[in-house]
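Down below are the structures I want you to see.
Both complexes below contain chain A, partnered by chain B and then by chain C.
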Partner chain A sequence: MQSFDYARPSSLADASELLVRRGDDAAALAGGTDLIVQMEKGARAPALVVDLKRVADLGDGIERRDGALRIGALACLEDVARDARVREGFPALAEAAGVIGSVQIRNRATLAGNICNASPAADTAPPLLVYGAQVNLFGPRGRRSVPIEEFFLGPGRTALEAGELTESVDLPLPNGPTGSAFCRLARRRGMDLASVNVACRLSAAGELRLAFGAAGPTPILVQDEGEVFLKDEATDALGARLEQMAEATRPISDVRAGEDYRRAMLRVLSRRALNTARRRLPESE
Partner chain B sequence: MPEHVGQSVKKSGGRERVTGALQFAADMQMPGLLHAKLVTLDCARARILSIHAAAAEQVEGVHCVLTPADLPRPMPRYGPVEDDRPVLADGETKYYGDPVAVVAAETEQIAAAAAERVRVQHEELPGVYTVEDALAPGAPLVQEPSLRPDSPHRDSNVYNEWHYAWGEAEADEADLVIEETYRFPMQVHFAIEPHVFAAAPDEPDGVVIWSTVQHPFPLRRAVAESLGLPAAKVRVVATEMGGAFGGKGYPKFEPLMAFLALRTGRPVRLALSLAESFLAGRRAAGVVTMRSGFSRDGRFVFNRSRADYLIGAYADITSSIVSKAAYIGCGAYRIPNLEVTARAVFSHTPPATAYRGFGAPQYLWALEAQIDRAARRLGIERLQMRLRNIPDRGEELIPGDTPVDGDWKQGLSLAAEAVGWHEPLPPGHGRGLAIGVKSPRPGAASQALARLHHDGSATLMVGTTEMGQGSKTAFSQIAARALGIPFEKIKVVCGDTGRVPFDAVTASSRSTVCMGNAILAACEEIKRKTAALAADAHGVSADRVSVSDGMVHLPETVLNYAEAICSSYGPGEGEVMGLGEFRLPRDPEHPLGGPAPFWEIIFFATEVDVDRETGQYRLTKLVTVADIGKAINPAAVKGQDEGGSLMSVGQAMMEQFILDERGRPVNLGALDYRIPTTQDIPLRTESLLVENADGPGPFGAKGVGESGATAVAPAIASAVAQATGASFTELPLTAERVWRRLKQQERAPDTSAPD
Partner chain C sequence: MSSSLPITVTVNGRERRLDVAPNETLLAVLRERLSLTGTKKSCGEGECGACTVLVDGRAVNSCLMLAVEADGRDVLTIEGLASGDELHPLQEAFLEAGAVQCGFCTPGMIMSAVALLATNPDPTPAEAKEALCGSLCRCTGYVRIIRAVLDAAPRMRPVGNGTHN
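Right after this comes the complex of A and B.
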C-alpha cells in the first residue's frame, strides 16, 4: 500500500472542503472495508484519506423522520441488519445487510459506504431500489436529495459531485401493505460477493418492484403491476411477466459466474423473492 | 503412573497458537534485519533483455538489489530431485511470479517501493499453460534440453513418464467397459501463514536459514550446494508453522536469501503475502483418461489409464508425486489386470509441489467415479460394488509389495453405516462413498536423540517439524510411556539442523510411525544405559538391574531416574543420552525404492441436499473412517481427518487456481480464490477410527494426516450424482457446473449416475 496523508475533519463543511481541494487525490473513508482493500491491491492510491468517522454532524443512528426511516451515514451494516424497524418494515434490506462480509466487516462497513462504492454487486443496492430510497447529500452547494435509482451511474461511479458526501439514506414508509424479500447467490454461503442478487417488493395491490444486482453496470430496478403476482401459482403467464422484467439486465461472464448462469439465476431468484414477498404480505381482511 | 498413549492430551503449543502468542517466522526480531522483496514481471514467460537497478538502489534505505549478474556463473540451480531451479530467473522467466531480481531494504515498504523501480526490459514469449498445449506438436519447450541432456524427453515438455502394469496388461475386454476423461484443477495450499524465508551470515564462513519449511534437511543440502558450502556450515531452523500441507516442503527462496545475506552481511527476511504464496507452490492439475473393464457381477477385470499431471517449469518433488500416485493405480481395489502410464508435464505455470494427498486425489477422482458409473450400468448398489472389489487382510494389493494390512471392508461398511447408507433418502438428497489410499515415503530414515536429564526430565531432539499437526504432542506421549515419566516433564526440540539429528521429511504421514519408532529406540537406549550406570554405581552386575515405569530396580533398592543418574555422576550432574534410528528398507529393485511400511487408508461417506434450480448443494453429512492401527492421541487423529476432509470439501466444491490465456493468475488472492467458511462445511461431521493395533509404528500405530484429503471429492460427486441423476468428470463441482450438467442432461439423459 502506498503511503498517504490522513485527515480527520470534525465537520461536514471541513470534510467537503478537503475533498473539493484535493479532488481525485482524496478518498473518503467511513468503515474502510472497500477503500482499504482497494488500496491494498493497488487499485486506488489516494494521496489523502479523509476519515469521516469523527464528523460531528454525521450520525450513526437509525430514526423515524418525516414519513421515512432515516439511516445515518455512519450506521454500520450490522446495526442496519439488527434494527427492529428495518427488519419489520424493510426486511429485504435487513437480509441484504446481514449477508455482507463477516460479522467483523458488518460492524465496520456502513450502508452509505456500500452504495458510494457503487459496486454493481452491492447487496444493499437492490433493496434500496425496491424501497425507493432517497440519498441525502451534503456538498459545497448545500444539501440535496437524490432518488436511489438516479444515484448509480456505473461501476464505481455515482451521482456524487466533487466534495459531496452522503449524509443519510431515507427509506419512505410504504402507504399500504407490502411484502418484500432479498435473495442472492454466491460461490460460497457467506463472506463472498454476490454472483447475482435480487430484491423484491410486492404491494397488496399487485405492484411489483424487482431490483437486480451483478446483472449489469449498475443495479437495475424494474416495475410491473398485475393480479398475476399475487397468486401463489407458478403459471406460464407469471413466468413470462418475470422474464420480461429481467430483460433489462445485462449480465456478464467473469470469475464469479458465467453470463448464461447469471441470467438463469436471476429468473430463479426473482421467483423465489416474489414468493417470499407474497408470503410476507399482511393478511388482508 | 498415568497412561498417556491413547489419551487426548492437549496439544503442546495449542494455546499459544490460538492466542497469538506463538512466534511465527514473520514475528522474529533480529538486530539489523533487512527486508526483501522479489522483483517480478507482469507476464508468465519472457526473455529478459536487461535489468536496470540504479533507480532502485538510489531509494533511501535500500541496501542491495541482487540481480543474476551478482550470482556465480553458471547460475546455481537446486531442487529436491533435479538441480533445475535457478536462484534467479536465468535469462528467461518461466512463470508468472518467477523472480528476476531481489531488493533488500530497511523496511518492507521501502523494499516494495524499490522493487517497483527496478526496470526490467523484457520480451513476452508464448508459453504453455495446459497439458494439451504443453504436449502439442511444436509447443515451446519449458526447459532447455541442455539442462537435461541425458533425458529421453529432453526435446519435449514431458519431464518424465512412469509405467506400471501387472496381470495381462493388454487386457481390454470385459462384460462392461467404460472409458472417460477426468479433470482436476490446479489448487493452492492456502496455509493461513504465508511462506517466510530468512537468512543471516553465521560465523565462521557459514549461513543460517530460518524458514517455514517442513523438511529442513533437504533444504540444508540445497542451500549448501547452491552456495558451495559444506553441510556443516549451513544451519537450517524450521520455524513452527501455521499450516503447511506440503506447500512448505521443499526449497523455494532460501538459497536466494542466503546469497543476499552473505552479500549484505546482514540478516535478511522475505515474508510473502498470501497472494505471493500462491505463486510459490501449488497442486499439479490432473487429466486422467481411464478405461475400466468389469464383469457382470461388478468385479474389476482390468483398468488402464493415462494420467497426465501438469507441473510447473521445475521438477520439484513431482517425480515422487506422479510415480507414487500411478504406482497405486488400483486404489483400494483388487484389479487383476492393470496398466497405468503417468506423465509429469512441464508448463509455464507456478511451481507444482507436494500437496496433502500427494498425487492421489487427482487419480482417485477418476477411479472412484469409474466404479460409480459401472455400478449404475450394471445395476449394482455402490457399496456392494466396492465390497466385491476390496481385497481381504493379507491379500496382495500390488504384486510384490506389502499385503493388505487392515480390515478394509469393515472400514467401508462402518462409514456407510454412519452416514445412514441404507436409510430412506429425503427428497433432493444423495449419498456417496469413496476410499482414499496411499503410502508413506518408502526407504527413508528418522533419527531421534533423547536426553534424560539429571532431575529425571527429558528432552527429545528430532528433525520432525511442527506445523500444527501435533507431532510434538504425540512424541511426548510416546516418550512419556516409554520412559515412564510424566508427559509434562518432556520437552521436544524440533527441526533445527544445527541441533537435531537427521530426519528425511515431515510428510506423507510418516512421522508418528518413523520418528515415533526412533524415539522408542532412543528411550530404550536410555533405559539400558541408566541401568548400567546404576549397576556400576551400586556395584552390582547390570543383568540384575531393570528399568520400568520410570524406576530403576536394583536388587536391594529402587531409585528414580534422578537418583540413578546422580548416583553415578554426582549430585545435580550428568545426563543419559539415547540415539534411536528407524529406517524403512531400501530396495533398488522396487519401483519406488522400497515397499510400503503400511497402507494409509480412509473411507469417506457423504450426504448432500441439492437445489436443482441453482445447482447449489449443501453437505448434510461427512463421515470419515480411518484405519490407523492405534491412535496415540485420538483427538489429534480425528482433528487431522476432519481438517483434511474439510480442506477437501473446499477443493471439491469451489477451489481452482485459474490462469488466463497468457498464464497470468485470474484469482490471485483470497478475494477470488474461494475456500469454505463455516457456512459451507457439512452440517454434521463424524470421524471414526478403526484401531486394530496392526501398524508398524509405536503401539501398533499407522500414520495419519494426509488420508483425510485424498478422496472427498469423488464421495461428494457420487452423492450429487445420486441426488440429480447427473454424473461429473471435472472439478471443482461448483453450483454453476452442477447446473450446467443438469441443463445438458435435460437434453440428453445421463445413464451413468447412480439411482
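Right after this comes the complex of A and C.
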C-alpha cells in the first residue's frame, strides 16, 4: 500500500472540514472493505485517509426514531443482518446485508459504506429503494436528507457533495401491512458479487415496488399497483406487468453475466421476490 | 497526522505499545512486528480468510484493517488460544478430525470457528458452513473442517463434566 497521512477526527465538523480542504486527495474510511482493497491494488491512492470510526456523532446503533428505524453510519452489515427489528420490519434488507461477502467482511463493512461506494451491484441498494429509505447527510452547509432514489448518480457516484458524509439511514415504518423480500443471483452462494439482485415490497392494497441491482448504471426502482400482484397465480397478465416493470433496466454484459442472461434472470428473480413478499403479507380480515 | 502513530493494542491478553505507519495493516504488524506468524497472509484483499483474527471478539480480515484502527482494541490470534501445552478444544478437534492438510488456512478457519461458537454454542452444519465461508481451503478439506467445528461445539459448552470454558 502506498503511504498516506491518517487523521482521526472526533467530530463531524472536523471530518467534513478535512474532506473539503483536501478534496480529491482525501478518502473517508469507515469499514474499509472497499477502500483498503482499492488502496492495496493501487486503484486509489489518497494522500489522506480520514478515519470516521471515532467521530462522536457517528453511531453504530440501530434505533427507532420518529416513525423510522434509524441505522447509524458505522453500523456494520452483520449487525444490520442480525437485528431483530430489521428482520421483522425490513426483511429484504436483512437478507441482503446477510449475503454480502463473509462474516469477516460483514463485521467491518457498513451499510452506509455500501451505498456510498455506489456499486451498481450493491446488495443493500434495492432493499433501501423499495423501503423508501432516507439518507441523512452532514456537510459544510449543515444537514440534509436525500431520498435513496436520488442518492445514486452512476457507478461510484452519489449525491454526496464535497465534504458531505452519511450520518445515518432512515427506514420509514410502513403505514399498512406489507410483505417484502430480496433475491439475488450469484455464481456461487458465498463470497461473490451479485450478477443481478431484486428487492420487492408489496402492500396489502396491491402496491408493488421492485428494485433491480446490477441491471444498469445505478440501482433502479419501479412501481406499479394492481390486484394481479396479490393473486398467487402465474398468469400471462402478471408476466406482462412484470415485464413492463423490468423495461426500466439497462443491463450490460460483463464478467459475471451476459446482458440477455441478466434480463432473463431479472424476470425469474422478480417473480420469486414477489411470491415471497406476497407470502409474507400479514393475514388480513 | 504524522508518519508514525502511537497505538496501544491488547494482543492475546498482553498490552502492546507500538508506533505504526498509517499504511501498515494489522496483519503486517502481527506478523512482522510481533512475530505472530500463525496468522497467514495470502490474498491481501479479504477473499481468502487466512488472515482472520478476532477484534473485540469478532472475526475480521486483518489484511483489511489498518493497524492504527486497532488502537484501543482487543485482538486475539491463533497463538492466543492454547494455554501452555493444553490445546484449545477447537485445535484438538481439528487434529482429531484430520481437518488439517497443508495447514495454511487452519488458523483462519479456527479463529472463525472460535467466533461462531462464542455466539452460537450449538450450530447446525449450515450455520458452521456460513460462518466459515470467508475462509478458503485449497486442499479442499472442508468436510473434515466442518466436522471438527461441530465436534468441538459440545466440548466447549459449559455443561456436564466439560473441563473447558
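In this text, the second predicted complex is superposed on the first by the 285 of 285 C-alpha atoms of A that agree within 3 Å, B and C clash if a C-alpha of one lies under 4 Å from a C-alpha of the other, contacts with A are read in each partner's own complex, and residues count from 1 in each chain.
Here is the rule we go by: contacts are C-beta pairs under 8 Å (C-beta built on N, C-alpha and C of every residue); 3 or more make two chains touch, one makes a residue touch a chain.
Quantities reported herein were computed from a predicted structural model and do not represent experimental measurements.
Set side by side, chain B and chain C differ in how many residues of chain A they touch, and the one touching more is C. When the two structures are aligned on the shared chain, A:V255 is found in touch with chain B, with no touch to chain C. In the superposed model, A:D25 lies in contact with neither chain B nor chain C. Legend: residue contacts after superposition of the two complexes on their common chain; A:S3 is shown touching both chain B and chain C. By the touch criterion defined above, A:G101 reaches chain C but does not reach chain B. In the superposition on chain A, contact of A:M191 is made with both chain B and chain C.
Of the two partner chains, chain C is the only one that A:V49 touches; chain B does not reach it. Shared contact residues on chain A (touching chain B in one structure, chain C in the other): 3, 37, 41, 189-191.
Partner chain B is touched in their complex by these residues of chain A: 3, 37, 41, 185, 187-193, 255-258, 261, 264-265, 268.
Here chain A touches chain C in the complex through residues 1-8, 29, 32-33, 36-37, 39-41, 48-49, 51, 53, 78, 101-105, 107-108, 189-191, going by the rule given at the top. Looking at the complex, you find that chain B touches chain A at residues 109, 613-614, 616, 653-654, 658, 666-667, 669, 671-672, 674, 676-680, 734-736, 739-740. On chain C, the positions that touch chain A within their shared complex are 1-3, 5, 21-23, 25, 44-47, 49, 52, 58-61, 63-66, 68-69, 112, 115-116, 130-131, 133-135.
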